[in-house]
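Chain naming follows the written order as A, B and C, and within any one chain the residues start at number 1.
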Amino acid sequence: MSAVADLQLDLEVFSGPFDLLLTLVLREEVDLLEVELADVVLAYLDHLEARGELDLEAATEFLVLIAALLELKSRLMLPRADDDLLDLEPAEAAEELLARMIEARRYRSAADHLRGLLAAEEGVRYRSAPAPPWLRRGGMEELPEGVYSPDRLGAALGGLLRHPPRVDVTHLGQVRVSVAERLSVLRSLLRRGATTFDEAVRGADRVTVCITLFALLEMYKQGEATWEQAEPFGEIAIAPAATPEAAAPAGAAT
Amino acid sequence: MTELARIVEALLFLSPDPVATEDLASACDVWPDDLQPVLEELRTEFAEGRRGLVLREVAGGWTLATDPVAEPAARRLLARPRTPPLSPAQAETLAIVGYLQPVSRPEVARIRGVASDSATATLLERGLIEESGRSQFGAVLYRTTPLFLKLFGLGALDELPDPGQWDPSPEEHAELRDRLLRAGEARAGIAPATTATVDG
Amino acid sequence: MTELARIVEALLFLSPDPVATEDLASACDVWPDDLQPVLEELRTEFAEGRRGLVLREVAGGWTLATDPVAEPAARRLLARPRTPPLSPAQAETLAIVGYLQPVSRPEVARIRGVASDSATATLLERGLIEESGRSQFGAVLYRTTPLFLKLFGLGALDELPDPGQWDPSPEEHAELRDRLLRAGEARAGIAPATTATVDG
């Protein structure tokens, strides 16, 4: 946690180092739904600019962590936190969204019902008065001895001695890919001529897609490649910046 | 009035909280079954509209409460205000805690789609919900209190109606799904389904 | 019962102190003279020996009180300090006071990671803990009471169970207080060098 640990955030719901935010989110002490992850990314870009150099290892780490947070947040926004919602078909996505809408609506209606109950109790008052003096005297002698177990106190104390577990993010996605790796994939593709982003990430998981995009940014910055996208969400065409050699016909036929 | 009925009336007057039948019985040194006719007698005596007081069964016990007929006068006599109404956010949070307890704050936020911290804080302060341990991740869990049942006139939590009754009808459900599917397909249509041609 | 009598009954039920005739009248929005027949009606209704409650005219005005017939039962029901199950917050707070006494409120909060005012208030109210002077910094200190020992069946404080069997890291040998404070701070996410503010 070198460069990433240096990243200081000043967000609406949190200010402090990025890795602490991660810790608090995993412990449910900061509500991820309230964290603007886009702001975290912007802060990271500022941070990079200030450092003036790209540490590929740190960049990979940040991408993995932010991708994990994004995934976690998207899961939180869908009904069942444990389900694998990564590759939802539109029909499934619609079902999930529908379930979520129905759930929210259910409790909004239940809330109306509760407010109705409370309104119906309007004018019902209960007595609240101290006990009369004759009732307040005595008592101690009639108390049952040992109604509570001292073990309860020992167990409570044991719980209070517990340190939080070290935060384990492996279940959110292991670092299986690095920016360096994706750079070499892009370079080898480009040696055969122009290509597309889809080609570069065919069959890849979400984290790999993120990191490939980052690698591409880096190549563009270094002048190794140019890229173009004709329309939003459209195909990203990638071309080698230098004069391309004639495309070798030996490539795989798609 | 029988002596037992007189004693029970006095106990209900003195007790700050609703008293369960068993507790009344053991205080009176009788079997709970012996108390049934007495409770019936008092229920008739304090039936709605008869007196200034009403016998109510709330929060798992018996208690005396005032009839709303006295509310304007009570407001003039006592400085103490009645429970203020709930805001929509508070009511939604309370409904989720009521039905799903024990439930954590992030879970409430997930269902409501917005953070519910100030609503939760208000409900805690008003004593309608309370902490109930921690989730496996260490988030505080909440549950409703006996005061919630008392103020909402509920005998027990299972008197809350089945929330499924507010779900959409099958027709509404189908229509909603269609609308969502159309939106989903429109979105999916943007993603390249086929291999795109590469322009040179 | 007339509506006015019902209202007056409810007012006398709600009011912890005797209410003067004039105050009853103005709360009911009638002249004091109009109240006389109503008070007579109620005096007959709540005459001694008739019900569990008795209407009394005392120096300050009118008040409802319980009939002595109910005293033994009321003592059985209410005259003992209540011993409902301890909530997790109460058990934690009581464990901290039990093992570390005297201990200050800020220390309890640091160990538990949350302000523990309502748990502390309940334990004070039930007589399980009491104030025990002030720390050198002026914070209120708490200790357990003889009632605490009795309710936990302990002869003396040194009979509290050794927390070793519940200790997650028994190999540590620092003082219990220091270990609790460090664990509390670690759970609160307070790393020594960083300053993080979490807006809950």
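Here is the rule we go by: contacts are C-beta pairs under 8 Å (C-beta built on N, C-alpha and C of every residue); 3 or more make two chains touch, one makes a residue touch a chain.
Only a predicted model underlies this, so the values are computations on that prediction, with no experimental measurement involved.
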Chain centroid nearest the full-protein CA centroid: B
Centroid-based (C-alpha) most distant chain relative to chain A: C
Inter-centroid spacing, chain B versus chain A (mean Cα positions, whole Å): 33
Inter-chain centre distance, chain A versus chain C - centres from mean C-alpha coordinates, in Å: 43
Intercentroid distance (Cα basis), chain C paired with chain B, Å: 23
Touching two or more other chains - residues of chain A: 27, 29, 125, 127-128, 131-132, 135, 164
Shared interface positions of chain C, touching two or more other chains: 10, 13-15, 66, 74, 78, 88, 187, 200
Chain C partner contacts - residues on chain B that touch it in the complex: 1, 3, 5-11, 13-15, 19, 23-24, 26-29, 50-53, 64, 66-67, 69-70, 72-74, 76-78, 117, 130-134, 138
Touching residues on chain A, where the partner in the complex is chain C: 12-17, 20, 23-24, 27, 29-30, 125, 127-132, 134-140, 142-164
Residue numbers on chain B that touch chain A, as the complex places them: 13-14, 16, 54, 56, 63-71, 74, 80, 82-83, 85-86, 88, 91-92, 94-96, 98-99, 104-106, 109-115, 117, 135, 137-139, 150-154, 160-161, 163-164, 166-168, 173, 176-177, 180-181, 183-185, 187-188, 190-192, 195-196, 198-200
Chain B-touching residues of chain A, taken from the complex the two chains share: 26-29, 31-34, 76-77, 81, 90-91, 93-95, 97-98, 101-115, 117-128, 131-132, 135, 164, 194-196, 198, 233, 235, 237, 254
